[in-house]
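Paired with chain B in one complex and with chain C in the other, chain A is shared by the two complexes that follow.
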Partner chain A sequence: MTGKSAVPRTILLLAPLLLFLGLAYVVPFLGVIRWSVTLPEPGLGQYRAVLTDPLVQSVFIRTLRICLIVTAAALVMAYAIAYVWVRGTPTQRMLAEFCILVPFWISVLTRAFGWLALLSNRGLINTWLQAAGIISEPLALARNEFGVIVGMTHFLIPFAVFPIASAMRSIDERVLLAARGMGASRSRIFWSVFVPLTYGGLIGAALIVFVFALGFFVTPAILGGGRSVMVAELVYLRIFQSPDWGLGAAISVVLVIFIGILLALMRRFIKPAHLVG
Partner chain B sequence: MPQGIQLGDAKAAEIKAVSIGKTFGAFRALKDLSLDIGRGEFLTLLGPSGSGKTTFLMILAGFTAPSEGRLMMDGKDITDVPAEDRSYGMVFQGYALFPHLNVEQNIAFPLKVRGRSSADIKRRVGEMIERVGLVGHEKKLPTKLSGGQQQRVALARALAFEPSVLLLDEPFSALDKNLREMMQEEVKRLHQETGTTFVFVTHDQSEALALSSRVAIFNHGELLQVGRPQDVYERPANRFVAEFLGEINLLPLGALRLDGDKAAGQFEDRTIVLSQTGPQIGPNAVAAVRPEHMTIAATQQNPDHNAIACRIEDATYLGAVTKYHLKTRTGTSIAVSMPTAATTGFAHRSDVWVSWPTEQGFLLPQQG
Partner chain C sequence: MQSSRPGPILLIIATAVALFLLMPLLAVVPVSFTPQRFLSMPNGVLSLRHYQALIDNPAWGQSVLLSLRIGILSSAIATVLATMFGLGIWMFQPRFSALLIGFVLLPLIVPPVVSAMTLYFLMTTLSAFNSFIGYDTWIGVALAHAVMITPFAVVLILVALFQVDRRIDLAARGLGANLTTRAFRIIIPNIKFGIATAALLSFVLSWEEIGVTLFITSVNAITLPRLMWMGLRDNIDPAIAAISVLLIIVTAVILALRIFIERRGASETK
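Take a look at the complex of A and B:
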């Protein structure tokens, strides 16, 4: 193949995907944009509402808070798993790989209900703790923000593991040996050589987790029990459970713009190849 | 060396390897290797790829534990001392600079590890940067430096904390010829200035000969010979060493007679006389003569020199020297390199005499 025909060929290969995305996402979303500026009457009134309505505000703030906590928690745990996966003994590596891949085979719904079974008032943890006499009243582990954070973190850890592990794998072993040869202790090598060399992977992982977390719907809906509503659930409630389509549409548009900005940032900071490991 | 000096803080250390062996599974990478490395000396480990040079260097550094044998430094057994406590300077193949730290920070790293004061670090880093000629590049990241500059950072970083031993693993293998020669000069100068013990790995024989106070030649995990460059080059212990250190002509000798420090034997219809200070040799031996020790002339000149009749097959002009390929009457190949200025443009296929002084050749066993 010559260089000339390479571009049309790429487009041809991508065409089915582009067509699908166009029909399934872009066209309907144009409709959503139209609702946001026409319902119930033409104008930017709904956007004003997004910026002023205390309920919408509180949901946005809660979403940001949950996403930040989930991102931080997922990064810390993913870092530990990635470390074992990349630098552990063969058995440890296998175990880590198992822990990373198995969640992928289980649907998000199943996992959310799984956590509910563990965390709810009559769930396993509370019943055990009560049976053991450690607590008398059940702890509020689910149907609140805590439950949402646990469920989302669990779901998102594998997505953070890949970019981090990829960064760890590309570290030159000799650089670590060099640090050792200069008399550096293990913890010094880890904190002042190993970790800084994985910053790229950490930033990538943080952006992926954060962007995914922003649009979460199923997990907060189940584990939040309606008391910890996040943006995606708010859009759902506005559109399906109230006649307030315009506001729901405006919230969606704001969310999409916000995610677009984050994705643009992500492209600046990391190469796509690093995201898949 | 005064008593009580801390490990790794002496200006130059003396290392003694005693019967070091290393096996990887069933593979013996090093076999019964004993070697004394003198205080402040520049020792080169020379050998073909896979001969165990890096393995030995890693054992010296403490990154790899030997399977057998002991390692002594200044009379103390350091076999079980981990690398971070030996704290030798090390320049890795491919430099192994910290990619996230700039030139200054790279050089400062070992000093920070040692808990030096920031004023002290600043002074020492400035000194090292000047010494290796990197002034003006202090704030650059390694990826923004050329290969030669990265090499200089690696050297400065390894020498910054004044290690008692500096280990260098093929530090110049990625550099082009000019840069390589420049860096060789620089390393030689650094060695003289610091007085530190240098152990340098290379598979380039001319580099080894040019730099070292002594050369240790490795093959298949065995130490074949250690000696000053002149010794190993002119009096190699065996054929491998002779051939590895440079091109050499081998003339099978018949009717060998040993007579004190002289040996004489028959090659074609000529008697070849050699000074014989090398190892004991059996009845079958070859005369070994370096191409640059031979000269070509139209007639037989000095009757005290060895001379054989040859025919010129080919000449290669290499600038300062010209290299001739010749054949003896019975078809043995001979190579001679002569200063181009000394050649008078011998004609192709002309019959000439190749001669060399008796003290320039040496005997080697026929086999091995």
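Take a look at the complex of A and C:
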């Protein structure tokens, strides 16, 4: 639609970012791939290790299990609060928005620390339960898989809310009125009309949460306390604690391939605008 | 409309979720006043010693200044690059728009730990050639942050652009406005609130960034999150609670500012 003279100008506007990311991101990623096949020795040994090493296997399985639980929990919780955010009274909406956006904007470290303050042995919950005489020994709530799941779910709920709320907003009010006019009960309208109309948003949300959870690193490292290591933390440990850059690089490459396949399969459910509050 | 207001069961669940979301933020407050040296609840006695520690230990102040500097530089880089890119996509609608947008969103989609490793490779490579931009330097951190936050800025600016009425631009073109005039006098004024939000979110994301920072810094470029991380790993320092309370307050203020900007933006464009 634009004349030929526009082509160089297009490039002038687009090139800086493309060049920046090309040089600062794509090229170094090629370097990571090279690490994965050259360290400590040339060959595909590290990939064989990723696929066969029992330690790596158990970390992958734990990661998948945690990601699935977190995704399910985050979706259910996000759905409830998104519903109030979209269809509540004006006051309810404002409160819901506040509760969604404030945690979203607060640093992941502060949020993980908040969970430690609640869940650790001398934290709020154990202190109260002991003071009330309900338990004598503190419950193990943090520094284990439970703490990781709670902290990650908390972190990811806002990311699930945005696509779900967007799907809810685009529902045609007349469809719901029609269902009511035909005599459907409130719960029937909700389960048979409303929820099915938001499947697109739910799948998009599930995908975002799952992909983010998979590569998540800070919350598990703090709330897992080194006991329930997930795959991203394993990469970190392989780089900085027991230097095995090749294995860290190979795991990274495998992760990228896995996510690439997942997103390619599900690409029609992804809307980039959903990623920011 | 009335029929689809949330019912009592849903409201109860949503309230529980809201409490779940706010709980960890509230829990930080009592811990920050504990008189003990370790993470604990204040037992009748409140103490400001951990706030005092933030002032007494110069490391905190230095890391705040460093994070501010890095945040401003990386947000500036991200906002400028994302605005240019957004304008290019919107004004010329190039043939492979979707592919190009997908490409620039890569750092957002790729797992953070992989990005961290990639940027670690970049920074150690750069360090071999110079001592200003590279591993454990503040400019290096700012560049790495720019890579990570640019996708967010691109999304916000594209969302703002797609709300602009194309006919305004067509009219300007019809009246003979050249490219620079169209960009600076027509389009940018129409998306200035989108650009401001992008700059703000970019800054906040850089200010909070830890995943990548952890990989590319060691002893010199200690940003605020990096310093917090060091106090969080083994023996938890309650000074983290004090700094967290302050951060929560700052975030609430910034959020209010953003809502204010958006309200004004909405009332001015209508």
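Basically, the second predicted complex is superposed on the first by the 253 of 277 C-alpha atoms of A that agree within 3 Å, B and C clash if a C-alpha of one lies under 4 Å from a C-alpha of the other, contacts with A are read in each partner's own complex, and residues count from 1 in each chain.
Going forward, a contact is a pair of C-beta atoms (placed from the backbone, for glycine too) under 8 Å apart; a residue touches a chain by one contact, two chains touch by 3 or more.
Source: prediction; values computed, not measured.
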| item | value |
| --- | --- |
| Touched partner set for A:197, first chain B, second chain C, both or neither | first |
| First (chain B), second (chain C), both or neither touched by A:103 | second |
| Partner chain in contact with A:188 - chain B first, chain C second, else both or neither | first |
| Partner chain(s) touched by A:180 [first = chain B, second = chain C, both, neither] | both |
| A:62 touches, of chain B and chain C: first, second, both or neither? | neither |
| Touching partner for A:143 - first (chain B), second (chain C), both, neither | neither |
| Partner chain(s) touched by A:172 [first = chain B, second = chain C, both, neither] | first |
| When both partners are placed on the shared chain, which of chain B and chain C touches more of chain A | C |
| Chain B/chain C common contact set on chain A | 177, 180 |
| Complex interface listing, chain A residues touching chain B | 172, 174-175, 177-185, 188, 192-193, 196-197, 199 |
| Chain C residues touching chain A - in the complex, by the definition given at the top | 1, 3-7, 10-11, 13-14, 17-18, 20-28, 30-31, 38-41, 77, 81-82, 84-85, 87-89, 91-94, 100-101, 103-122, 125, 143-144, 146-147, 150, 152, 154-156, 158-159, 179, 201, 204, 207-208, 210-211, 214-215, 225, 228-229, 232-233, 236, 240-241, 244, 247-248, 251-252, 254-255 |
| Of chain A, residues touching chain C in the complex | 1-2, 6, 9-10, 12-14, 16-18, 20-21, 24-29, 31-32, 35, 77-78, 80-81, 83-84, 87-89, 92, 95-96, 99-103, 105-118, 120, 122-124, 127, 154, 157, 173, 176-177, 180, 186, 189, 194, 211, 214-218, 221-222, 231-233, 235-236, 239, 248-249, 252, 255-256, 259, 263, 272-273, 275-276 |
| Chain B - residues contacting chain A, complex | 8, 61-63, 83-85, 87-90, 92-94, 96-100, 109-110, 113-114, 157, 161 |
